[in-house]
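Each of the next two complexes has subunit A plus one other chain: subunit B in the first, subunit C in the second.
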Partner chain A sequence: MVSATIENSRTEHSTALTIVHIQGELDSSCMEKIHALCDEILAKHAPFVIAEMGGVALFSSSALGGFMGSRKRLVESGGDLVLAGLSLEIKSKLNLLGANKIFRIYSDVRSAINAYDWEYKGKAETVNLSFPSELKFVPPVRQLVSRIAQQKGYSNRDSFRIETIVDEVCNNAVEHGMQGSDRNIDITVKIDRQKIEIQVVNISNPEKIRTLREMVKPDTNLAEAAATAGKRGRGLALIKMLSNKMNIDFSGNGTSVHITRFRGD
Partner chain B sequence: MESQINLEFEDLKGSNNAKIVRFVGDLDATNVEFVLDKICNLMNEGYINIVADFQKLRYVNSTGLGVLLHFNKSAKEKNGSFKIANVNENVYEIIEIIGATSLLEIFDELDEAVESLK
Partner chain C sequence: MAAHDSGYSIDLSFPGDLGYIPPVRKFVSEMLQANNFSPKFAYRSEIIVDEICNNAVAFGCKAIDATVALQFKVHSDRIELVVKDQGGSKEDRERLKELVGGKKVNQKGKEPKRTKLGLEIVKMLSESIDLEIDDNNLTSVRVTRKRDDMEVVENKE
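After this line comes the complex of A and B, so read on.
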């Protein structure tokens, strides 16, 4: 027998989000209850539903049909029905039936809420990294940020461009800042569905700061500088051309570079 | 922790001054010196015509691009050439953004690049 209770979302999330806890055996006898539950949710104008199914021991194909029908109605009302906390056995069965192509399935409710916040509330996620100011640490950092972007649904091309931006900014931070294993470079990556913001802060090297200031003067023609540069000196031009916005702040003891790049731009 | 780059060399039949160099991996600030050393040595040994096969080159940054332009210049100074083939679209975009497509000799296929030496 199905036993379902409706728990309205907590206020820090959204009134449009409903978490439904389901347990027991979901078979054809549950169809009516699933339908009624869907009516109730739609009447409350909370069409984003997370079905928490950790306590479900059986999920029949007829119940799956009922879920698909409910999902269709919720999607038509601008919402969705996602599944969370399924046992491995039921998850495998749903995969075999191809249900994973229709329903988004999350390991637990927290992951489903995070995905909801990301998808529908435009919530950004932030990652902070710190690494010693040495060139050899830049490749793993740039690859990590690129993979974060890929995981967040950014295209391969977008992720490659992001990798390039992080690489160039971090290389500059090492080259123009104080170097050594005891000097750190801090990087903050803030990513949402529309854009990624990258901030890189190093410890300024007083001997190199004047050269850097000259390079980033507003009247410097970076494209021309790139065309005439020797083996080095094209990084800044590349960053600028791959970014939508670039700010450099020399105040304080460190140089802070803030980049914004819009998704798919 | 440096990026991995491997260079594989292949002789070109019927030529004693040309080689194919296959770039495998990522070309960036951590390994440009290694690549610079290898290719410059090759040119100094008399291999003034280099065909760089980028089929397995996943990534290049501005420093890597700087050495490619350097190879191009060095080869020309020795009356040779530095040709590039099989560039993936991401790497090509970086070359294009920097404005280097007009400076480098880039071919779609390796055969075309080799043929252009004749």
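After this line comes the complex of A and C, so read on.
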């Protein structure tokens, strides 16, 4: 026997999102109820459905068929049906039936809402990191950012180019900034479906910053400057080639580099 | 590492999403190895980070925009990890206190076995684990892990 309540708890955020709480045993007797629920949801024009199923004790293959039919109807209306909060036992059984190839399954409703916001509302996620200004820490930092990009669905190639940007910017931050384990570099990564923004802030080394200021003058052609300056300047030229936007701010005691790169895949 | 052991600190905050945990734990491991900690020490520290961060996300991130803050301080003879989250329900907090304190957990409660196992693993791999919950329910789990690879490092030198 199944009982289900429909709760649209997202009206202040998205009228297109519905959360359905389902509990009990889902078997062939539920098909009519599932179909009626789907009719009701479509009538409300809230076709993105999160089925919260923490209280489900049984999920038969016939009920799964009913869910698949409902999902098809919702997708045809521009929506989707995802599952959230399944117990390990039910989730394992559904995976054996191949349900994970059709439905996205989330650990809880919050994760499902975040995924919806990410995909359909353009929500950005932010990671902040502060680490000592030493070159040996740059490889782990760049790999962290690369892995985050991959985890958020960016391609391997895109992630590697992002890693290259981080590597160059952080190396510059260390080399042109005050170094030491008590001098930290702050990096903020803001990522959404379409772009990644990276901001790196350090404490400037007055003796070294002049060179950097010269290289980033508005009328400087970085590629030409890199060609004539030997090894110096290639990093900035590379960053500029790999990014869509680059701003450098020398105000205060620190240098702030802000990079924007649009997703290339 | 500097001769005077003031150590250094790394601070990281990330969204309360399980998908961030693998990159974060690998980052901790790589940062430790960059500072001459052995791969074995780094990997066991990675295990600690994984367990505590999983708990923080699963039980301490209720708001949609919840975040987890990880700080690790590296000294010549030890590391200190602190993971902070916004705190879970009253039940979750009481359960966490019991698990960290080592008191018997009411098995009739809803405590998943995984959480208990995770904290037992952390206790096994660390010197100490402490819990702090402030008036705003901000929950901090602090783990100290003594460096046990000095002999290996010295022998290699």
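By definition in this document, the second predicted complex is superposed on the first by the 253 of 265 C-alpha atoms of A that agree within 3 Å, B and C clash if a C-alpha of one lies under 4 Å from a C-alpha of the other, contacts with A are read in each partner's own complex, and residues count from 1 in each chain.
The rule we apply is simple: a contact is a pair of C-beta atoms (placed from the backbone, for glycine too) under 8 Å apart; a residue touches a chain by one contact, two chains touch by 3 or more.
This one's a predicted model, so the numbers in the text were calculated from it and none came from an experiment.
Enquirer: Identify the partner contact of A:182: answer first if only subunit B is touched, second if only subunit C is, both if each is, neither if none is.
Expert: After superposing on A, A:182 lies in contact with subunit C but is clear of subunit B.
Enquirer: Where does A:113 make contact in the superposed view: on subunit B (first), on subunit C (second), on both, or on neither?
Expert: Only subunit C is touched by A:113; subunit B is not.
Enquirer: First (subunit B), second (subunit C), both or neither: which does A:127 touch?
Expert: So A:127 only meets subunit C here.
Enquirer: Quick one: is A:148 in contact with subunit B, with subunit C, with both, or with neither? Answer first, second, both or neither.
Expert: The answer is second: A:148 touches subunit C but not subunit B.
Enquirer: Check the residue A:140 against both partner chains and state whether it touches subunit B (first), subunit C (second), both, or neither.
Expert: Both partners, subunit B and subunit C.
Enquirer: So, A:157: does it touch subunit B (first), subunit C (second), both, or neither?
Expert: Only subunit B; A:157 stays clear of subunit C.
Enquirer: Taking the superposition on A as described, I'd like to know which of subunit B and subunit C A:57 touches: first, second, both or neither.
Expert: neither
Enquirer: Output check: A:234 vs subunit B and subunit C. Expected answer is one of first, second, both, neither. What do you get?
Expert: first
Enquirer: Counting contacts the way the document defines them, which residues of subunit A are shared by the two interfaces, the one with subunit B and the one with subunit C?
Expert: After superposing on chain A, subunit A residues 136-137, 139-140 contact both subunit B and subunit C.
Enquirer: In the complex, go through subunit B and note every residue touching subunit A.
Expert: Those residues of subunit B that touch subunit A are 1-3, 26, 28-30, 32, 36, 59, 61-63, 65-67, 69-70, 89-90, 93-94, 97-99.
Enquirer: Residue numbers of subunit A touching subunit B in their complex, please.
Expert: Interface residues on subunit A, with respect to subunit B: 135-140, 156-157, 160-161, 163-164, 167-168, 171, 223, 226-227, 229-235, 237-238, 241-242.
Enquirer: Would you pull the subunit C residues touching subunit A in the complex into a rising list?
Expert: 2, 6-20, 22-24, 26-27, 30-31, 34-35, 58, 61-64, 66
Enquirer: Within their complex, state which residues of subunit A touch subunit C.
Expert: 107, 110-111, 113-114, 117, 125-132, 136-137, 139-141, 143-144, 147-148, 151-152, 181-182, 184
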